[in-house]
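Chains here go by letter, A, B and C, matching the order in which they are written, and residues are numbered from 1 within each.
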Amino acid sequence: MNFQLPYLPERSEKPRESGLTMVMDKGLSLRQVEDLIESSGHLIDLVKLGFGTSYVTPNLKEKITLYHQNNIRCYLGGTLFEAFIVRGMFDDYRKLLDDYGLSTAEVSDGAIALPMEDKCNYIRQLAEQVTVLSEVGSKMEDTVFTPSEWVKMMNTELEAGSWKVIAEARESGKLGIYDSAGQANTGLIQTIMSEVPTDKVLWEAPVKPQQVWFINLLGSSVNLGNIAPHDVIPLETLRLGLRGDTFFSFLPEALAQMKP
Amino acid sequence: MNFQLPYLPERSEKPRESGLTMVMDKGLSLRQVEDLIESSGHLIDLVKLGFGTSYVTPNLKEKITLYHQNNIRCYLGGTLFEAFIVRGMFDDYRKLLDDYGLSTAEVSDGAIALPMEDKCNYIRQLAEQVTVLSEVGSKMEDTVFTPSEWVKMMNTELEAGSWKVIAEARESGKLGIYDSAGQANTGLIQTIMSEVPTDKVLWEAPVKPQQVWFINLLGSSVNLGNIAPHDVIPLETLRLGLRGDTFFSFLPEALAQMKP
Amino acid sequence: MNFQLPYLPERSEKPRESGLTMVMDKGLSLRQVEDLIESSGHLIDLVKLGFGTSYVTPNLKEKITLYHQNNIRCYLGGTLFEAFIVRGMFDDYRKLLDDYGLSTAEVSDGAIALPMEDKCNYIRQLAEQVTVLSEVGSKMEDTVFTPSEWVKMMNTELEAGSWKVIAEARESGKLGIYDSAGQANTGLIQTIMSEVPTDKVLWEAPVKPQQVWFINLLGSSVNLGNIAPHDVIPLETLRLGLRGDTFFSFLPEALAQMKP
């Protein structure tokens, strides 16, 4: 922070267990990664190299090193994991993680159909090697889970070894925990919150109205993901009540007399 | 300009009183600021460090210096001013401006309710210290002003010492001078133009259709704000008639025979 | 590619005749061009300096040189060509191409009305000097061509000397080959594909659903244009089936048993 301002919600420091911000890197150059770190590195806990972009981007090893040097967990997108699984190449995937010095991995079934037992086996095996995030919720429009199915999947995957479970929103923010108009599915989210430990869930919230919605519902320390690189600082201002949308969310009653 | 092309509308040079372009910086790194200045610095008059981002971004002093060295007025977003006011810290805010060597400031009441008299007092006091921009129009969806209220607020604030008044559009461009669909409120804008000096109003126009609308209505020298960094050059081509949307807007009749 | 993964669709290497990716540069700084080249230069065949941005951007010569040094064809937007034509300055335009060492040019009639004969004359003359791309389809909402008119225009312009014809989508992706909702005009595109050589058409597809649509219809090696700089790598993952939207598009039947 550059100056003193009282009555701001407290923010934890990295490394932390809640209040996480996960950023989606869809192919930044090394210098763009440096820029991101200069402006926002202190605010970023995790970076996902989105879907299969890590297959295509040059200087992959240098990029991963840059993130690691700045205490940012870096991992390959779940779609890449699935690309290895659909080809029967799980062992190659494990070796890939080692080759690139990765200490975090995502297990997902957004594009492929994966029996729960198989998914948990992958989580269990990977958890011996790295820290595992697993993603719940389908990318396909015609697969709809009930709230109790969401809860069961999340808790089962946490028991299998996931550090956090990710509530899928797809990059566009129009599926999974959101409906086709991008509105948050309130009933679903409230059920999840009552049955799964709060700090164990990371919500994908790529667009601002969703970030506002989660911060106003669950507070500054909610875990949010799929944040665009240029939105990390704006998101932090939302968490701190320094943007119009959350301006009065964290102020004490005594200071609310100017509320319109 | 890189080559000669006749029949382009004349553009004033910095520093200027009309034809202003105000850019919203939501957390650029220092190198990204250098990039912006290299490509577009000659076209940018003002940079707003959006809402409370200046609290969060590192290297704030260096960033402000970079802008100043390139003859760009740099100022803190109005929401930060309001964050100080709601905490009863106006004197701290004045000191903050001094500490960072700022010579421009914004007074707004987008998030808080501020009696007109108080707002004008803040304008008056700050105008002794720096150049003041004041923002008119509410961020809240349920506050609607009549055109004559807009005019009265603008003229009162100009009399109190504002250099320019900003017509609020919120960052998304869907409130204030625009309706919920992002369409310009024609009647409102025409009333304002007939009652307030043209070059005293800076219109927030974050998205292209709005920029096109204002340029076609008020000409190349309209003051426009909340422009994204990567849109400065595209906006300049709109002002010059070098983009499809304004291609024939400034050509003499004699050259309009190819108009479809 | 950073690691081995079987069953990916084959991709041609630069310089190539199909599978082209054309990027729209709307005013990048030199360093941003370097960043783009570092991350994505191996995937970019053409860069268009969009509409009249080349009039406004500094360091134009250096920018063009940077692209050329990396085997990327660089050319001025069609709207700039039209700005010269409407002013009766075709000879100045030819000289401009020489002055800047350009070896590619676009001929279009998106903003102006240009008789087919005149357009083909421009193509013919420019083709003696540089490689020509010509754009088909109107920017104006009230000009609608039938599929057979599209086919005739494309074949006539190819005969006149165009290396490729560009199917206009406007930057927003809501006109030309798309309807006002941004949906692809299937009947039109199928007619074109049956009457014009596939690798001679470059489709403007600025937004992801359009890129997915073309890749699923015409394969990985479809020519796509008006791609934003930060979308080049995501587009390549779509071409390779390494993103959800095209995950099963190129996999052999034997590997499709996990398809949901």
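Following the convention adopted for this analysis, contacts are C-beta pairs under 8 Å (C-beta built on N, C-alpha and C of every residue); 3 or more make two chains touch, one makes a residue touch a chain.
Since the structure is predicted, the reported quantities are computational estimates derived from the model, not experimental observations.
Participant: Through what angle, to the nearest 5 degrees, does subunit A rotate to match subunit C on its C-alpha atoms?
Facilitator: Angle of the fitting rotation, subunit A to subunit C: 120 degrees.
Participant: Tell me whether subunit B and subunit C, two copies of the same sequence, contact each other through the same residue numbers or different ones, using over half shared as the line for same.
Facilitator: Different, since most residue numbers here occur in only one copy.
Participant: Return the distance between the CA-based centres of subunit B and subunit C, expressed in whole Å.
Facilitator: Centre-to-centre distance between subunit B and subunit C: 34 Å.
Participant: Which subunit C residues sit where two or more other chains touch them?
Facilitator: Correct list: 31.
Participant: For the complex, which residues does subunit B have touching subunit A?
Facilitator: 26-32, 50-60, 79-80, 82-87, 89, 92, 96, 99, 110-114, 138-140, 143, 170
Participant: Under the stated contact criterion, what part of subunit A meets subunit B in this complex?
Facilitator: Against subunit B, the touching part of subunit A is residues 1-7, 31, 34-36, 38-40, 42-43, 230, 232-234, 236-237, 240-244, 247-248, 251, 255, 258-260.
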